[in-house]
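Consider the two complexes below, in which chain A is the common component and chain B and chain C are the respective partners.
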Partner chain A sequence: MGIESAFGDGYVTTTVDALANWARKNSVWPMPMGLSCCGIELMAMAGPRFDVSRFGSEVFRFSPRQADLLLVAGTCTYKMSKVVRKIWDQMPDPKWCIAMGACASTGGMFRSYPVAQGIDEFLPVDVYVPGCPPRPDAVIHALMQIQEKINHHSVMMDK
Partner chain B sequence: MPVFEEILSRIQSDLSDSLLKSELYRGETTLYIKKQDIVSVCKKLKSDFGFNFLADVLGTDRFTDDDRFEVIYHLRNLTEAWFLRLVVLVDEKDLAVDTVSSVWKTANWEEREVFDMYGIKFNHHPDLRRMYMPQDFEYYPLRKEFPLIGIEGSIPLPAKE
Partner chain C sequence: MFEQYIPVLFLIVLACAFGVGSLVVTGFIGPKRPNKIKNSAYESGMEPIGTAHERYSVKYYMVAMLFVVFDVEILFMYPWAVQFRMLGLFAFIEMLIFIGLLFAGYYYIIKKGVLEWE
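What follows is the complex of A and B.
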């Protein structure tokens, strides 16, 4: 009683891009980079109430080599910036990045000497999420923006 | 159990040679100690009065012409629940205080923090390196003349691509 009963012996036509993008956008595995309080909202996003698995992103990978999406949640200090960058460099292409919260986006209220004024000073950020901290549904919205972005990728052409 | 006020007058008479002044504010006692006597005073407070816990060492920058910096020691006697604050005034021309890490080992890291933030050196310290900032950082961030946002380019960020 699976899909094969509807198709019978027939076939479907599609493009490589459509198939690959469909697969990619529904299995965006995040690398959670919880640097401060935003990390708590990040956990809520993965929990049963907000349930990011509805979008195929419930598989939080704590190894950058298995992740597609770097979710930087929280205040990034100068000291931590080298670590974040190293993790980003270890992630295989194609990869995306979300700056979650005011601190990751701009430095937030920490306009002071130890805090990097936005992770976009050393990372290519795809989506910024405003809020201090943002609600989990705002992060899910950012994830949907990433999915939208993936939809416009081309597998054959370089990004 | 002896009352702290009685003990305090004993401390003050015992340390009278090293004492500059003492203050009482909201039930907390602050003793200003001569800089050269800080180690002997701490030793005496630990052995004779049971101040067995150094809760904190911190610096302040008062931004004054003389005695610009202060090094402050928070002492506790854990059995009697006493609290005592010692203050040493440090002039900008002679930015060095003797270390008390021979009295309480915990002073090692706390003095490193004061050194990192204010540039006050601690004589005979076993391991006087910076605590938070990079080892080659040239500035002392909690000094008043240091800009809040930091000095651009003083801590390098990774390259974007």
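What follows is the complex of A and C.
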């Protein structure tokens, strides 16, 4: 590689994209939206057994201003959908969204008039996690998918 | 003398440079898409009602002040209760006078109607 050989040992060169993506994907701070029973598995994910801090996402932010990832866990009713959408809108860019569980992904077993049949009716979902509720490691897998997505991100895409 | 503290100074400069540098760089490369909803107040996703500069009823301050007075009374009672046997009858009468004074004040504020909320 051209410029690295000119500097010699002790210097590392990188691109802004690689550095920014590395920083972003290892600090995906989630905004937990524990709407029902999936929230319990979400808490287990943050606990010491599954330990999501290995992936840099242990900092659960209860303000959308500091969050990168909206983790919608559970049944979202239409009444709640306005709240979820507003919180999503208040999150700063760049941001990602995980639909955790059957209810958040498709409405699940609640095939009824008050329940949104999947949060993708009003949110741009990045990763869907199947399960009722999903195991915490399934959510960690979804987080790794998000990290993979961030890897293909470019700073210029944001401009 | 001070030469041995140069590494500490270097560490402080590095820490400050990292903090300020991160802020400046994220200001350049981070996307900014402000809009009306994003700039609105965060009320757990609900519609904000009124302003943050709400005025409280003055009753609240009266009750808070009275609470502090009786809180301090309890605070004085603790060391007295711990050393009750050693302090003897004199301290007991002193404490009775103290409680009596506060009780007179309590009677006064009830008569003044401070605790009436209507």
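Here is the rule we go by: the second predicted complex is superposed on the first by the 147 of 159 C-alpha atoms of A that agree within 3 Å, B and C clash if a C-alpha of one lies under 4 Å from a C-alpha of the other, contacts with A are read in each partner's own complex, and residues count from 1 in each chain.
Everything that follows uses one rule, which is that a contact is a pair of C-beta atoms (placed from the backbone, for glycine too) under 8 Å apart; a residue touches a chain by one contact, two chains touch by 3 or more.
The structure displayed is predicted, hence computed values, not measured ones.
Once the two complexes are overlaid on the shared chain, A:S81 sits against chain B while remaining clear of chain C.
In the superposed pair of complexes, A:C37 makes contact with neither chain B nor chain C. Of the two partner chains, chain C is the only one that A:S63 touches; chain B does not reach it. Within the superposed three-chain model, A:D93 lies in touch with chain C and out of touch with chain B [touch as defined at top]. In the superposed model, A:P124 lies in contact with chain B only, and not with chain C. Once chain A of one complex is fitted onto chain A of the other, the partner contacts of A:R111 are limited to chain B, with no touch recorded for chain C.
Residue by residue along chain A, chain B and chain C are tallied for touches, and C comes out ahead. Comparing the two interfaces of chain A, the one with chain B and the one with chain C have residues 82 in common.
Interface residues of chain A, counted against chain B in their complex, comprise 78-79, 81-82, 85, 111-114, 116, 121-124. Chain B makes touch with chain A in their complex at residues 132-134, 141, 146-151, 155, 157-161.
For chain C in complex with chain A, the residues that touch the partner chain are 29-33, 35, 37-38, 40, 42, 44-46.
The part of chain A that touches chain C in the complex is made up of residues 16, 20, 63-65, 82-84, 86-87, 89-90, 92-94, 155, 158-159.
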